[in-house]
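Quick heads-up: structures coming right below.
Below are two complexes that have chain A in common, paired first with chain B and then with chain C.
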Partner chain A sequence: MMDLFLQTLANALIQSGTYALASAGLALAVGVLHIVNFAHGEFLMVGAFVAYWLSVLAGIDPIVSLVPAGAVMFAASGVIYQASIRRVLLAPELNALLLTFGIGITLQNLAVLVFGATPRVVHTAYQLTAVTLGPVSVGVAPLMTLVVSVTLLAGMYAVLYRTGIGKSIRAVAQNRTGAHLVGLDVDRIYLLTFGIASALAAIAGAMVLVRIGASPHMGFGFVLKAFAIIVMAGLGNLTGVLWASLVLATAEAFVRTYVPGGGGAAEAVFFLLIFFTLVWRSWRTA
Partner chain B sequence: MNKLAVVLVVVALLAMGGTEGLAQREQVRIGISLPLTGPASASGKAAEAGYRLALDEINKAGGVLGRRLQIFIEDDGNLPAKGVPIFTKFVTVDRVHAITGIFGSAVGVSIVGPAKLHQPLIAMLGAASPLVERGFADYPYLFHYHPWAYHNMEAVFNFMDFVRTGTGASTIAILYEDGPFGSAGIGDTRAELIRRGFDVPFMESFKTGSGDFTALLSRAKRHPVDVLFWIGFDADALPIAVQSREVGFKPRLIFGTPASWPVGYEGNPVARDVAGMAGWTSASPLPASKEFVKKYQAKYGSLSEEYMAPMGFVTLTTLAAAMNKAGTTDKDRVAAELAKTDAETPVGRLRFKPSRLSPSVHQGFDSDLWMVFQFREGRRVPVWPKSMAAGPLAWRWR
Partner chain C sequence: MRWAGPAALVVALLVPLVPAGGYQQYVVQVATFVLINAAVALAWDIQARTGQLSLAPAAFFGLGAYAYTMAALRGVPLPVAFLLGPLVAGAVSLGLGVVTLRLHGLYFAIATLAFAEVVKVIFKELPLDLTGGAVGLTAPPLLGGHQTGLYYLGLGVLLLVVAVSLAVRHSRLHYAFTAIRQGELTARVLGVRVVATKLLAFVLSAALTGLAGAYATSRLFFVIPEDTFGIGLSVTALATAIFGGVYTTAGPVLGAIILRSLEEGLRLVLREGYLAVYGVILMLVILYLPGGLVSLWNRRSRDAAGGD
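Now for the complex of A and B:
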């Protein structure tokens, strides 16, 4: 019984790494640009496909492909920002929501047209490797995702709180007009932030490729869970993403393990967490 | 003068319409509804390739009734909302002589009403749900090629019996997706396995595409499981195989029944000896299958492992053959000839018989269609039934 409990905790910890990586970019976009980017899941999908093709055509390991996947999405997001996002930043929030939803659907259908709907998988040596510690066994691939996730979030934190550009990003996030008045190039900072957020999504895509493959429809589930995580963490709270990811992953793992029929029901856990978080917040501020 | 011009224009238009109508009448026309986009597009595109291969062969051999066969392929996206207008268009606009395709059960159910209204001849490729079978009760023009869902489960049970007899396996864990595909009749499946002498200590649902099976597999690991039987989709194949290793769950056989498998799965070491069920594989030893593989490679320069490719081929070739034998496109006479079909096809012997739940429906293949293969050295090697096996069942899965 204790073995299963420990394994469940380990499963939750491992899964939280994937969730944190998938949510970090969304939290950044919400925190700085004040838009909920519903295309974030499709940016993750693009990253997975970049890593997939690099693996198939050039034999590059998905871990190495984190960099090109992030770079491709960083560049692509620049085009998307200039062509569309930038034009709705001052409009009512619903416009940006609908726009990013449309971008997501477009990317998803483009992927279906170009690659087909069938998932694609890659092979790596560590895909077959697990680390065993007593009764607990965890895969090397998700362990690496956890390490990358924590490293990237720590790096992001360092950039935001220890560098000049980070200070500028925080200034724009706090007060767009004030930042503009003191001479900051707000539009440029938005562009940079959106690029970083999108690159983070693509890196998450490259990381999950090893465990679940790449498919045009893979992103939507991640963006819903990422949304739950940023709601729990507090909109735009990057540091809260880690613990919120752990809460979601733990809740899901325990529902799957200890609730009869929990295998299917676990996918509804994030809805409940959003609900309880919002109710608790409104109760606390009432 | 103006009146004369109007009369001339009207006569010219009528003449053009008449010519077009004549040209249309000269060809035998068949409408094909397939999911070419959306999650089922892998199967739909494979079927399309099979239909086009059959079309080439039929027209090269002189067409149907001495005329060129013309096909109209439309994308139904596996959605009733698209399937019904396409079906209606085939009947009312294209004025086809027969309709084929129809892969998904949802589309199959949705066309029951329009079919009963227009009464066309239907050679249905897929749609395995008995809801379709019951919906078409008393309809004399439906030829259903694909086995029904209960045939599929019969094949699973027969394979499990084979596994038990050959290996002594007695314990099965079941993972099933919680949608209609995986959960329909899952209680009966468990009961039937228990009736056949298996112990099913673990059965749990999952959400397809969720990608996280670690908790469920950790639970399954607590039982001495011989076989992990999972019912889901292609997106679930890799996570189940990979995460079984991650949590140290080692059943002696992993057996899945998705309609298609991920691209690249065959060549992935994680898939080694994972078993799946298929209506056909390119390694099938049947002579008609070898012939089909040769023709397919000649046309497309590659090989498909989707059984919907030969299914599409078989559907069109047998339909065209029935029209030729009937010597007419009259649906009653074509239906009478199609009902007499007895052909060795790439997917096995095809003979129509009255369907189990709706005897007026003509049922083609049954549980005998299915074979079980294992992924080995980047290929799908048939291992069951013995008549189709190209290798032994690899049992102790590592």
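Now for the complex of A and C:
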């Protein structure tokens, strides 16, 4: 009884690591650029496919591939920013949402055209091994993704709160005009932030590849959940993302374990939670 | 522009009579899909005029479709089952609207998206003999499945949506919707009953979407949770309206004619991935033509009239 409980908790913790990593970039883009990037999930998908092809063609371990996956998406997002995003920054917020929706649908369907819709998986030696700690048994691969997530999130916080660049980013997030007045190059900060956010998505994609696999349609489920998480955390609240990920992953894991046939219902729990959080908040403040 | 509406109607009435040889059936089928897309996109647009971006069309479309199918399978006369579609969708939207219409912008969009996903899962997880689970149900066809008859029924559905859209456009509601979209606070100060008006737009749009869902099912003969409640439906609705021109009656219809024909054409060439064209069009329109296709027309007629 207790064993199952602890095992569920461990699964939830690992899942929340992936959720937090996938959501942090989205929260960064919302918090700093004030745009809602609906293509975030497809950036994650691109990262997963970069890691997949590096693994298949060059035999590079997908965990190592998080570096090239992040780099590719960092560069690609720069192009996307210059060509499209920067033109809608001052337009009504729905324009940016619809634009990124368009980018996402395009990337997803291009991936279907180029790679086919079939899911892909990678095989590594450590995917079959597990670590046992008392009653809890955790696969090495999921554990590694948790370590990567925690390291990267800690790194992101360190950059944001301990470096000059982080200070500039936070200044721009707080007040675009004010930051411009004190001499910050707002456009460059936006470009950089969007690049970091997109790279985080791609790295999360490589992590998902290790644990589950890659498919052109994988992004959508993640972006929906990432939205749920950042909205629950309060838009732009980076620390909130951590606990929201934990709450939602835990709710999901427990429904999956304890509700009979709960695999499908777990998805609904996620959206029910976000739905009621939003509604409750709107009625409380009204 | 005055002749465009009646001319389009005449063309629509003549579609099944076009001598297309062996392609006759195919032409009518594509035209039927255009009607469905146009009805859903225009219904979405009516609601969007209040400034609320809903991502729930798929939920109301699916509720209409399932209401029709489940009632028809239980021996309810088909015309009654057909009318249950818009009634159920409208009733559910009333409840959803009451709790969510206090939300704004992105929060509202996400809440409606979450709602649509929850409804989809519920229909997938309900007992098999009730909703057919993930496999869905086979729906009894209306009019004995007569293709031409069903085409004209679809045209009737679209004309009803067009009539509602025009009625809204040419009544005081138009000013109320526009005022709310441009600033709720100002609208309230001007004496617009903001919550009631937004709710009216939401329920009207949902009922019409439910009607389109019931109709589509009577034409397609099946419901499947992943397709009938699919997010793709909501995306198509808003992309179609934006491409054609939001806040207009002609825009979503024009958008549906072009996009759906294009989609069917591409589907013949590419078996999958053809939806990329929706993405590219959405991007280009937002960047270069925020008013949609209709704005091109309006710009030209304004120039001809010496500008205003």
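Annotations
Everything below uses one rule, namely that the second predicted complex is superposed on the first by the 278 of 286 C-alpha atoms of A that agree within 3 Å, B and C clash if a C-alpha of one lies under 4 Å from a C-alpha of the other, contacts with A are read in each partner's own complex, and residues count from 1 in each chain.
Keep in mind that, in the parts below, a contact is a pair of C-beta atoms (placed from the backbone, for glycine too) under 8 Å apart; a residue touches a chain by one contact, two chains touch by 3 or more.
Note that this is a predicted model, so its numbers are computed, not measured.
Steric overlap between chain B and chain C is present once the structures are superposed on chain A. When the shared chain is aligned, no partner comes close enough to touch A:Pro62: not chain B, not chain C. When both complexes are overlaid on chain A, the residue A:Gly205 reaches neither chain B nor chain C. Within the superposed three-chain model, A:Val112 lies in touch with chain B and with chain C [touch as defined at top]. Contacts of A:Gly31 after superposition: neither chain B nor chain C is touched. Of the two partner chains placed by superposition, A:Gly17 touches none, neither chain B nor chain C. Applying the stated contact rule after C-alpha superposition, one finds that A:Glu267 touches each of chain B and chain C.
Judged by the touch definition given at the top, the superposed model places A:Leu224 against chain C, while chain B stays out of reach.
When the two complexes are overlaid on their common chain A, residue A:Gly41 makes contact with neither chain B nor chain C. In summary, superposing the two complexes on chain A brings one listed stretch of chain C into steric overlap with chain B, and the stretch in question is 23-31; the others among 23-31, 77-85, 95-103 or 239-247 show no clashing C-alpha atoms.
Judged by the document's definition of touching, chain A residues 109, 112-113, 117, 261, 264, 267 lie at the interface with chain B and also at the interface with chain C.
By the touch rule above, chain A contacts chain C in their complex via residues 36, 84, 87-88, 91, 93-95, 97-99, 101-110, 112-113, 117, 220, 224, 227-228, 231, 235, 261, 264-265, 267-268, 271-272, 274-275, 278-279, 282-283, 286. In the complex of the two chains, the chain C residues touching chain A come out as 53, 99-100, 102-103, 105-107, 109-111, 113-115, 117-118, 121-122, 124-125, 231, 235, 238-239, 242, 270, 272-276, 278-283, 286-287, 290. Taken in their complex, chain A has these residues touching chain B: 4, 7-8, 11, 14-15, 56, 109, 112-113, 116-123, 127-130, 132, 137-139, 141-142, 208, 210-213, 215, 217-218, 221, 252-253, 256-257, 261-264, 266-267. Here chain B touches chain A in the complex through residues 37-42, 45, 175, 178, 204-207, 209-212, 214-216, 218-219, 222, 234-235, 237-239, 242-243, 245-248, 260, 262-265, 267-270, going by the rule given at the top.
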